[in-house]
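Across the two complexes that follow, chain A remains constant while its partner is chain B and subsequently chain C.
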Partner chain A sequence: MLDRAETPIGRRRQRWKRSIYGSFGVGIVALLGGVGLGFDLVGAIGYFLGVTVGGALCLYACLLGSVTISDERFADIERRASHYTLMGLAYTGLATFPALFVLEAAGEFEFSQPLDTVLLTFSALFLLWGAVYTTLRIRS
Partner chain B sequence: MNVDAYRIDWLTRRRYLAYVLVTSLLGGGIFGYLLAGEHTAAALATAGVFAVLLAVPYLLARRTLFDERDRRMDERAARYTMIVVLALALPSLAGPIVLEQLGIVPFQGWLLGTGLVLMGIVYCYLAILAVLNYRA
Partner chain C sequence: MKNDLRSRREAEDLSQEELAVAVDVTRQTINAIERERYDPSLELAFDLAAHFECSIEDIFEPEEE
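Let's look at the complex of A and B:
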């Protein structure tokens, strides 16, 4: 088993994973800390740097380096997680927004600007999903 | 072709979606017409009709509507969509703050709102990923 941490390859893989996740974590903490302390710009730049370094490490490991940080099992988990996330959002949106439309038509609710943004983002997301799905269908 | 075979043959995904669309529009139109002016009641009745009509083919079907190939395609489409979300979440969240602080463009609230929604989706995804990874 090459993936185990006891083997040199496994340890190397774990180091890379820690570096990547650590970079992302530092970025998130920087943003939250910066916004919390009133240093929005510093937080945003820290976040940007952390995630950029994490992304660069990830890209290097995947495309250029000899380190394999992901395998078929993890790819399968990622696909399932994406599916569950979008499914949850779809059910939540389908259950929530029609009821809000009804309440708005009845004059008991008014869509605010943030809620409009959420609705438009959800719509764009599922239009994108539909386009990708249709493309995959046509190509299969 | 006997009745059972016909029932199975009828229940393809495309026909099912067309069936749901047509019946919900018809149901909505009829209830909207009958309950003109009563928007709330009409919408609730339409939702009820829609839910019942949605469930009927499932109850009548002897096999599942979506097979393994459909599920895999769903998952692949979701994966590619999530890659786009992951790629857009950071720029749309950090971009408006940085550009506004540097005085390049005025604060773009809609972009920050989009970034917040996308980051919310990303965190949901990461939480589900962590749970699935832990359980595997």
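Let's look at the complex of A and C:
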């Protein structure tokens, strides 16, 4: 019995995955290379093309392709990864920002522009999460 | 959850890939279920039971707490 990607379908799945990951990889390398070498526009175009092609391949494979490249277990892993990431960010934010607010009120600390941006990004992320959560809860 | 998916699959001389194709999941998911590292959804459990022409309880057994 063959229990690795040695069957035709296994090989097709591997080719799909390599094409998708490869496209994203080329886009990222193009961006980093372009920025690093001073060709920002070329890098950005390479990134756009890589991500667009990768995204299109991913959509095609998931919606129309005959090979299953993702299933309920991967969806479950993604849900758990999102949960742990959000919880980590939430606890980090809750442990950090209130303390900084107190320190700022006491005149011991001043929010810098980058930290303000981080705080706004945090707030926007959790506002968006709350909106999505509320929508899903109402619909379920 | 305990299960005897591997023995049932091997009794039918199926590879993980072949079973995965039959129930429309990836080989890794079949492997994870066999190693009892992933509990399938009810829908997939029904598909597996239908494939082996048995009931879900014949394949899966809840872990005793």
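The working rule: the second predicted complex is superposed on the first by the 136 of 140 C-alpha atoms of A that agree within 3 Å, B and C clash if a C-alpha of one lies under 4 Å from a C-alpha of the other, contacts with A are read in each partner's own complex, and residues count from 1 in each chain.
Just so it is clear, a residue touches a chain if its C-beta (ideal position, glycine included) is under 8 Å from a C-beta of that chain, and two chains touch if they have at least 3 such contacts.
Keep in mind that what you see is a predicted model, and the values were worked out from it rather than measured.
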*Can A:F48 be said to touch chain B (first), chain C (second), both, or neither?*
first
*Touching A:T117, do we find chain B (first), chain C (second), both, or neither?*
first
*Using the touch criterion from the header, give the chain among chain B and chain C with more contacted residues in chain A.*
B
*Of the two partner chains, chain B (first) and chain C (second), which one does A:R73 touch, if any: first, second, both, or neither?*
both
*For A:P98, select first, second, both or neither according to whether it touches chain B, chain C, the two together, or no partner.*
first
_Going by the contact rule set out at the top, does A:I9 touch chain B (first), chain C (second), both, or neither?_
second
_chain B/chain C common contact set on chain A_ = 73-74
*Sort out for me which residues of chain A touch chain C in the complex.*
1-3, 5-7, 9-10, 13, 68-74, 76
_Residues on chain A engaged by chain B in the complex (per definition of touch)_ = 31, 40-41, 44-45, 47-48, 51, 73-74, 77-89, 98, 101-103, 105-106, 113-114, 117-118, 120-122, 125, 128-129, 132-133, 136-137, 140
*Write out the stretch or stretches of chain B touching chain A in their complex.*
39-40, 43-44, 47, 69, 73-82, 84-85, 90, 93-94, 97-98, 101-102, 109-110, 113-114, 117-118, 121, 124-125, 128-129, 132-133, 136
_Show me the residue ranges of chain C that touch chain A in the complex, using the header's touch definition._
10, 13-18, 20-21, 24-29, 31-32, 38, 40-41, 43-44
